[in-house]
Amino acid sequence: MDENHLRVVLNSSKVLNAWLTIPSTWVAEIFVNSKFQAITIDMQHGLIGYSEARNMLQVISPKTVFPIVRVPWNEPGIIMKVLDAGAMAVICPMINNKEEAIQFVKSCKYSPVGSRSLGPIRSSVIYGTEYAKSANDYVLALVMIETKEGLENLDEILDVDGVDGVYVGTMDLSLSLGISDLGNIYDDTLNKALKTIISKVKNKKLIAGIHVNSSNVKTLIEIGYDIVTPINDTKVLIDGSNQIFNEITKIMNQEFNK
Amino acid sequence: MDENHLRVVLNSSKVLNAWLTIPSTWVAEIFVNSKFQAITIDMQHGLIGYSEARNMLQVISPKTVFPIVRVPWNEPGIIMKVLDAGAMAVICPMINNKEEAIQFVKSCKYSPVGSRSLGPIRSSVIYGTEYAKSANDYVLALVMIETKEGLENLDEILDVDGVDGVYVGTMDLSLSLGISDLGNIYDDTLNKALKTIISKVKNKKLIAGIHVNSSNVKTLIEIGYDIVTPINDTKVLIDGSNQIFNEITKIMNQEFNK
Amino acid sequence: MDENHLRVVLNSSKVLNAWLTIPSTWVAEIFVNSKFQAITIDMQHGLIGYSEARNMLQVISPKTVFPIVRVPWNEPGIIMKVLDAGAMAVICPMINNKEEAIQFVKSCKYSPVGSRSLGPIRSSVIYGTEYAKSANDYVLALVMIETKEGLENLDEILDVDGVDGVYVGTMDLSLSLGISDLGNIYDDTLNKALKTIISKVKNKKLIAGIHVNSSNVKTLIEIGYDIVTPINDTKVLIDGSNQIFNEITKIMNQEFNK
Amino acid sequence: MDENHLRVVLNSSKVLNAWLTIPSTWVAEIFVNSKFQAITIDMQHGLIGYSEARNMLQVISPKTVFPIVRVPWNEPGIIMKVLDAGAMAVICPMINNKEEAIQFVKSCKYSPVGSRSLGPIRSSVIYGTEYAKSANDYVLALVMIETKEGLENLDEILDVDGVDGVYVGTMDLSLSLGISDLGNIYDDTLNKALKTIISKVKNKKLIAGIHVNSSNVKTLIEIGYDIVTPINDTKVLIDGSNQIFNEITKIMNQEFNK
Amino acid sequence: MDENHLRVVLNSSKVLNAWLTIPSTWVAEIFVNSKFQAITIDMQHGLIGYSEARNMLQVISPKTVFPIVRVPWNEPGIIMKVLDAGAMAVICPMINNKEEAIQFVKSCKYSPVGSRSLGPIRSSVIYGTEYAKSANDYVLALVMIETKEGLENLDEILDVDGVDGVYVGTMDLSLSLGISDLGNIYDDTLNKALKTIISKVKNKKLIAGIHVNSSNVKTLIEIGYDIVTPINDTKVLIDGSNQIFNEITKIMNQEFNK
Amino acid sequence: MDENHLRVVLNSSKVLNAWLTIPSTWVAEIFVNSKFQAITIDMQHGLIGYSEARNMLQVISPKTVFPIVRVPWNEPGIIMKVLDAGAMAVICPMINNKEEAIQFVKSCKYSPVGSRSLGPIRSSVIYGTEYAKSANDYVLALVMIETKEGLENLDEILDVDGVDGVYVGTMDLSLSLGISDLGNIYDDTLNKALKTIISKVKNKKLIAGIHVNSSNVKTLIEIGYDIVTPINDTKVLIDGSNQIFNEITKIMNQEFNK
């Protein structure tokens, strides 16, 4: 297996991941040329459909940055399509139990582990004609744990053959656990959940990813998370725009009205 | 004329303008919902073609933010197309002399000032069926002064009937004036040029726009510039990405290698 | 809750809705600037995929006209995507029983009513950062009643918590009821069905929408329908083209052969 | 030469032409399936760029309907591109004199008449590999006469070898002639102009096209115009939407407020 | 029923089918103008989403070539969408048993055979307003037999009312049957499977399609296959590029390094 | 200057170039992964507009293959746009004399050689922030010699400072020279022209490129041409489709009628 695969790299190091929600190949290229090591194209909450996700995958050279896709749902058609188009890892939202995990793995892995259909059109061009033979080894199937139910069923989910790890949806998990300060990793309930998850994942020698503010990256890496995502393209634009506007207002000592 | 037009607003206040280079309607909407009062779609150096510029104009409600387009060149076809699609102002690069200014005005204004062809398909829907009657009054034709030649010919350019103002390209102007520290407004030569320009423009009671770092907004507004552009979408993303990466590196006390 | 939401407006008045099937932001804008109060983007039978639906939502300012989407099917991925992109109401085809209604509501409403995933990227920009808190109240989940089975199970469907109303598919319902004159609201069987539906919906204080010819708008509004859809973009173009051609043929007293 | 070419058909009959301004292949297909014999894709005032014009040409089978393109301007690049993409005729706006007409013909016709570059990629696939040999004969170069200057210089324009006819822009011509009731063909000045034009064109045995209301088709055909355009897609949608809304308002005896 | 439908043609002759994976209307048009009689747009492994599939269907005039779509998955939304957009036949991947076949037929056929929703927007324009009445007769629902399970359940699958035939996925079937030389039709196990399939299909007087190398077309047609697909656009480009490069290398007696 | 630039490579070796006319990022990627060293995106005769050219440039990593663009015409706007988007060389059609060559160079090179406007948005991201400083050295401005006039004025054209070489349009040149067997390099007149061109170009130590059949690559390289283009994507598809169809017809001993 190629040394330069996300799975291989994760054996020895952590990965900083950028989260893209803007349907734009140029935004993707900006992040390809940033220092982040992986890029996740968010087809669930991002404003990105298949056509744009494919175009964005096409500008991500896997020799430079690892392409990950979060699919909109646990639906076989779209999962197989993004894998055929070159995704190295798929993150699937809202996996709540063993059955859903099995269904997801079936879409991600070739027989005998799953029943992914054969025809990796772009992947065999960019990863080599032998792609299909080793794809089960290096394509990562990551289940999102983001509900109370998913958390309770974590053991049976992690037991499913072909599940390579989890990705924690802190916002949805907070909501589902009834935490009002959504996504605050120092909230007792959420904090405990995050620790429970990493402990179970690591016992299984699997991979764990998570959304995080940049200030919390260190904490989450130290407790064991492998893929951390401290940046979101839409948020960078909104924050950057506010920041520059506020700087000017302050210097001018005056509001600009709109 | 509608009180809510860029030209009217400029009579009494300054306008902070955001500069868009990403071909994306979502990026445009983010800035529509920011505090900036105008948006310029940069079809010259931005990665934006006509199809994308039109789509971006379509998400900019002129009641919320003023839509400006910088065209790729002084070419009648594209100038008329962006005006028909709803641009309130057109910025034209590289106007060096009277002849080029006249040619530009011909594309921007209806007879008798110019020879813009009649057919404001989207403009008459969004600005009202009477659009064509008053368009010569409120559509702004802004010439870029960004070469030594343009600077030298500024008087004759400003004398052209239908020229509504200038937009200063500080980078190109620096290059053309042989200034090594491109775009430094405190460089003597550039500083003098910027003052000469504003003085001549204001003598004619015309409008002046300029690119500027946020820290220089105050200075340029104080010497008289009307439209100042302290923000660029691509730059916000690159800077934001570097900043977050560096914060993490600092906290982690460790480099992440790619 | 904002006074200017479809749900609020429906408390006191009827809504005329335009039905869009052409994948075009310009057609959408034409209807935004028409007198119709709501626009439905038809992703089921219209020639509109997600990418185009998103672009069309982006040109519909919810302060001017209410954006509704009919999704292609009761599939969680697409339902959540159009809601995150700004749809104020979702119409779901072919709801036949309680189970399907529950599944639909799960996609439309946040916990605890449903399990919509949190991440309203565009909705939180255009409706405000508090969007998620009140979304369950103002996002409308409308089930299509368009089969014999759906009609028979209407009571149990309307009993599902989170169902906000119905939208009647007169064509499919006719087909399913074995009515040959498809969509004729004066056919006894169909007429009775339409009255049964409105009666049950109004008993539950829910909302009812329906397709209708302009000549029948009055009738259906009088028996209680709230959202009536008398116009379809493709049909306007086909009818308009025929009408103009026929006028000319008549005046010319001559056929033009093709 | 193929009997089924626009030029051949025009020898013996008049052609009703539909004018498209919406960048949509579906709208194009609706008109392909209408009774109109020709379709003009308006890249000047329509919201259509090259990418959309090409896609629209691709859905117009020239065996069913004649594809015409109005280009945005007398610019060689775009004229040659639409011809290579299958346009059977090109309408060029704002031809005011002999020099502009010569420049236009150079872009439309192969050597020795003009200097169109060889490479008719789509045209040679859809019209046959012999396309280039007879293209000068059947591709129509139509100049727009829509200014006072163009009208005055009509003789010298029509004398240019390779000019196949004119297309009259009644709106712009009215504007340029100082007629306030834009486009009213019964205005004395405009009426005289239209008659002068057709007389000169027919003396040269060339082709004349014109925009027209459906009620005036007969008049203009009778005085000799060959291609008449009584329909515009955007207008059909706006008029159709108003008409249906008004019908309902009348029946309901009530306004719907927005 | 129109004599010119795929189903009718298949009564008396075999059909050579081209397989498209490139999201491009121009590639589609090249094949429309080739000698192949049918075109399959592969939305499963091809890099084609709904938006591109629709555009490609729009350039395929069904009077010239038969449009077939392989959908990404057995999902009602997408199946109905491609049928409404003009597909004459749908190939559905991975049908393994009776239940899946029934589900597929429900999406393909109108009541009473299935429950396809009524609204054939483009199909009724290009096939005529009577389309819906005869659609059940001429739209082909083809199930892919490409797993061991599907092969074992072939009888019950073929018994499902509304299944019109099969399409054999030789690659996936090989994989599922544990054959290492994927897709080799002379492998004993695969060869036997192909014969079993055709025998059962022909007993039911149904249709059989298959992927095949051009050298094997004769063999498979002789044993009864009706639709054979010997060409794939991506493969033509890769093979053609290699072939020309190798010819040059041979003539030059030299390698060109990259 | 980076060792890996087209200009540097051309110092010591010949370059095989693939010519793209299909507006498709996937076709581009197929050729990026082929053995050809350079790719030319043909915006003149290819069916490619700016939006698609930009997208295609985005999938061409200049570390793998050299991106060249043939622009539609000698128009400053589009030339600067493709350079800002990452083109390493620009081929300009129909350069007939010194004035046109000067105009072309002005668009390609920064001051003081030309007057290209500063703002290399994508180029500075992919080639490094120092791009603008060395761009004049490594960006190639190649003029097409494809008319009798251009051939006659070759000396004055090559004398223009900033012209880096020529690209011979054999088809148009044949047409202009009155050669009936278009593009036959063994025709005496054409053959002599090709030799004259290479001799003059090499005297000036400039670069020469040319279209060529694969069988003539050796001949043209031996007489000195540097960039040879033996492959065209549309042609590969048409030829490949015919070849496979003919193979089958031959094996079947039967025609398939369409």
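Think of it as A, B, C, D, E and F in the order they're written, each chain with its own count starting at 1.
Methods note: contacts are C-beta pairs under 8 Å (C-beta built on N, C-alpha and C of every residue); 3 or more make two chains touch, one makes a residue touch a chain.
Bear in mind the structure is a predicted one, so any value in this text is a computation, not a measurement.
Where touching is counted per the definition, the chains common to chain C and chain E are A, D. Where chain A touches chain E, the two copies mostly use different residue numbers: shared numbers make up under half of all numbers in play. Averaging C-alpha coordinates per chain places the centre of chain C 52 Å away from that of chain F. Between chain E and chain F the centroid-to-centroid distance comes to 38 Å (mean Cα coordinates, whole Å). Within chain A, residues 23, 26, 30, 47, 49-51, 75, 78, 122, 125, 234, 238 each touch two or more of the remaining chains.
Contacting chain pairs in the structure are A-B, A-C, A-E, A-F, B-C, B-D, B-F, C-D, C-E, D-E, D-F, E-F.
Considering their complex, residues 13-14, 16, 18, 22-24, 26-27, 30-31, 34-37, 47, 64-65, 214-215, 217-218, 221, 230-231, 233-234, 236-242, 244-245, 247-248, 251-252, 256-258 of chain E touch chain F. Residues 25-26, 29-30, 33, 55, 58-59, 61, 122, 125-126 of chain E touch chain D in their complex. Those residues of chain F lying in contact with chain D across their complex are 21, 23, 44-47, 49-52, 71-73, 75, 78, 93-94, 146-147, 169, 171-172, 175-176, 182, 234, 238.
Those residues of chain A that touch chain E in the complex are listed here as 49-51, 54, 75-78, 80-81, 84-85, 110-111, 115, 117-122, 125.
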